[in-house]
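Chain naming follows the written order as A, B, C and D, and within any one chain the residues start at number 1.
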Amino acid sequence: MEEKIGFIGLGTMGKPMAKNLLKAGYTLTVFNRSTFKAAELKELGAVVAESPKEVGSRSQVTILMVSDTPEVEEILTGKDGVLAGVHPGSVIIVMSTILPSASRRLAQVIKTYGCEMLDAPVLGSRRAAVNATLTIVVGGEKAVYERCYGIFQVLGRQVFYMGPQGMGLYTKLCNNLISGVVMQAVSEALLFGQKAGLDLQELIKVIIQGGDRTLTMEAKGPSLLARNFDTHFPLKHMYKDLWLISTAAGELGLALPVTTLVRELFGVAKVAGLGEKDFSGVIMIMEKLAGTRLKEG
Amino acid sequence: MEEKIGFIGLGTMGKPMAKNLLKAGYTLTVFNRSTFKAAELKELGAVVAESPKEVGSRSQVTILMVSDTPEVEEILTGKDGVLAGVHPGSVIIVMSTILPSASRRLAQVIKTYGCEMLDAPVLGSRRAAVNATLTIVVGGEKAVYERCYGIFQVLGRQVFYMGPQGMGLYTKLCNNLISGVVMQAVSEALLFGQKAGLDLQELIKVIIQGGDRTLTMEAKGPSLLARNFDTHFPLKHMYKDLWLISTAAGELGLALPVTTLVRELFGVAKVAGLGEKDFSGVIMIMEKLAGTRLKEG
Amino acid sequence: MEEKIGFIGLGTMGKPMAKNLLKAGYTLTVFNRSTFKAAELKELGAVVAESPKEVGSRSQVTILMVSDTPEVEEILTGKDGVLAGVHPGSVIIVMSTILPSASRRLAQVIKTYGCEMLDAPVLGSRRAAVNATLTIVVGGEKAVYERCYGIFQVLGRQVFYMGPQGMGLYTKLCNNLISGVVMQAVSEALLFGQKAGLDLQELIKVIIQGGDRTLTMEAKGPSLLARNFDTHFPLKHMYKDLWLISTAAGELGLALPVTTLVRELFGVAKVAGLGEKDFSGVIMIMEKLAGTRLKEG
Amino acid sequence: MEEKIGFIGLGTMGKPMAKNLLKAGYTLTVFNRSTFKAAELKELGAVVAESPKEVGSRSQVTILMVSDTPEVEEILTGKDGVLAGVHPGSVIIVMSTILPSASRRLAQVIKTYGCEMLDAPVLGSRRAAVNATLTIVVGGEKAVYERCYGIFQVLGRQVFYMGPQGMGLYTKLCNNLISGVVMQAVSEALLFGQKAGLDLQELIKVIIQGGDRTLTMEAKGPSLLARNFDTHFPLKHMYKDLWLISTAAGELGLALPVTTLVRELFGVAKVAGLGEKDFSGVIMIMEKLAGTRLKEG
């Protein structure tokens, strides 16, 4: 007998994830601030709730996939929030990327309602959400993780239990630290090659086949040459994640000199109006600084 | 009828490369400043010359694999240098990583002797030199490259022609820019994970299998946890390459903010006495700054 | 007829400031978490309150000089906080250095109690607090500023009205941005001179008398040579201010690459246990990295 | 009986300095690559030489005030260079800012001609050169310094003997390290104030009168608000000096993280075509990144 699921946040990532749960046969109650996105899921069999509170009251497991910490807090603890409706024994899974310390504070509030929380951010793009090939990294109590394991298996291809509350988030942030810095490294390397007059397609080939290959060079190298900045992961989200990393590291008493400098460069890019582009668009700032552009492929 | 080859510089990389040429049947004349390394090659059939000049006079193709720009210049243009003995029509292949602009100046000097030059630095560690699995990136005239192609095939698995004089070096520097910055990214990510209390073996697994994988994380992550800093690529060489990158970028009018900051961190590591360790040892500086060490695996 | 003043926070800066108000003849109610500091002021004629609430109820102008944003928030809005006791028409002056946006949020809360708020952080050390030679930079409504002008004149030598709510804080942060970065510049310059073998006393003299002099070099140069790290302004506070600057700049969509890097270096110093030293102690991190120490004067 | 002086390099700084020597009654032989600048000095009584060699042969003390290391080397050691004409016992004073290690190498060459060398770079702008209010920092043998002291007194207001060969240059570089970093600090502070909506004239006043004042803020703050980028010290020269600093620090095994990052920002500014502007023009890069401009005064 499977659990009734609530799903709040039907954005770029959330909508395909919710659909995958419906397809897998789960009973689903959804809520989204702008109601028209919910309509599509209604057609597929979801109940559309009037409020997060209603989602909480109808579900044994409520999933949040909204954008940032204040929104998560409001949806959980606000008037008509999930906690206003939730039954003891329920689980709340926060799949948004928020500050780990905020996640821990929320978990304690949730405990006072007799409920449990997992933090379970995802690695992967919208396409991975659609194809259910996400990687999901989970923090929280092991037993709660095991209770929800079936749900994670529907949403992603790989699921990792990383330890107590917050550990899923820290894992995600460690990964995105690398994404951000490597993206900048790729930008600097390609612009260096460009200024030197190298054939950039050949350069990318050498680095991928015979040198210090990275997923970022493989995935973004060719699209940069094609000047394709369609969003896989929006630059504004990378900037947000770099802020979370910097703040979380500060809380832990850790200096991250290079990551922090990279954060500032993504900040410049966001201010320059590139926030909705793919995060590889950070190269456009470097191009502006260098007074040149990558030659098109 | 194959060409007679000269080989100067029998260090960590040069000695196994010279051996591979002997095994492939080439007639080889070698020179090394400290003669005892040459002795080993004599037993395998090489002629040991008294000077670079003698190497030049005995060879149609002379390969240099010494450490830096002044050494290359002295071996070529000094008294008793290669150019003092060389026959017109010979080729000099500089496989050392030196400044591309210095390489171009040398090529012009070499031309006045009626000879040709290629810059052909390698990507890969000592093991790749031993196993002849290096990647070789070549700059110079296409016809000269083709003349020497058979030699490169003996030394490495992949050979890329990158364009005119200097382009092999620029390619190598673009690649090592990425190596240096990604190494620092991996260091910051692992220390962040460490401070957060993550199981680092699990973290590495997640990033490699489901996240933003890099060759650096795959190759160095496990050895960092094992505190294995045996040299694959010495930190002092990475520092030298980051200096070359920074200088070459300056010549091209290009600012590289993150690469340059990473260079300073490798500089700190070198000053701290880590120059002979593997370049992944840069993490020990971050550990010192953070007041913590990665948990052993 | 002068206003009754409340004063909360009798630390390094607050105690001498409160004393100066007493000396100037003001009726003063004080509160401090650790009560023994309040005792000294009681002897001088202050009323010692049991709670912030009591301070609020006894005062027309309440001054806060506590360390950070959460503490300010709790003292104002917590149970038994100032706002629980305050009379409409009162003024609350926050002299702590907190986030300008937090200050604006607090001002709005305070308005709902029929009261006014000023942000009025100070420039200057403990000695300036004792000697009433502080510089005070004020944000808030002009009329409220004028009402409190006499109080500021007792506490400092120079008072600047900088504009609406938050502007005092922004001014302070702009100034401390310079303090932090210039301190790092002085550190790098002195270590460079040291490595070069210069007589550092002579170097400092040249820079102050004939070069690009800064107050920081004048004030800290000689004490660094004497290895005197007695606190004028604790390193942990500089680190906090650099965090506020970085966060406030992020809110404004501004990247500050150099300031942010300096923040990381102060972060390293704090983690290394230097938080209670004078902020010039950041040079000890640079010394550690350089493997050398400034020669004593 | 005063010494005959030679002066090579009649640029922005050199011409007024040569004039001051003439006014002081010295017998002067001058040389400049573009001869029309020399004409003006001929009218004032100088002998205009055909070559650096002629300057050397006519002078007991030869002063060089040309722009960079290669030019200094060529003028001294080239065919028709100073050393080709010089009499033993002469002194060569290099007042250009060059690499200290290059200066030491030149001094050794000069010694083989039986001559002596001083490095004597200046602190100060063109106006200080005109008014003979330069600060001169000298490295070399004490006796040689004393022999030339009268000349320095004509050219500047303050003269400091800093120690053996190279020490004048290191002193200058230490000072300009501070100039570059503080300029960037001022830029970041003013842009932060601008974004916050502060009255920048008031902000500058507060910082100078009551905060962490620097000569840079005093000298450049008002001109920045007036968008006056007329050259006092060209940005391209600041960039050159930051390169010298970075290279010299590297030679000494010293990492300078913040200075190096600032160098990259000046590099960006130079590439953006700001090299001929005053070095305070680096703020235009920050403005471009921030998408705003300082409000005019």
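We adopt the following convention: contacts are C-beta pairs under 8 Å (C-beta built on N, C-alpha and C of every residue); 3 or more make two chains touch, one makes a residue touch a chain.
All of these numbers come straight from a predicted model, not from anything done at the bench.
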Scan C-D, B-C or A-C for the interface that duplicates A-D, counting it as a duplicate when over half of the contact pairs agree by residue number. B-C
Please flag the chain sitting at the greatest distance from subunit C, going by CA centroids. B
Between subunit B and subunit A, distance of the C-alpha-averaged centres to the nearest whole Å: 39
Among all residues of subunit B, which ones touch two or more of the remaining chains? 253-257, 261, 265, 268, 271, 289-291
Residues on subunit C engaged by subunit B in the complex (per definition of touch): 257, 261, 268, 271-272, 285, 288-291
Which bits of subunit D are touching subunit B when the two form their complex? 243, 250, 253-257, 260-261, 263-265, 267-268, 270-271
If we count contacts the way the header does, which residues on subunit D are in touch with subunit C in the complex? 100, 123-124, 135, 137, 157-158, 160, 162-163, 166-167, 170-171, 173-179, 181-182, 184-186, 188-193, 195-199, 202-203, 205-207, 209-217, 245, 248-249, 252-259, 261-262, 265, 289-291
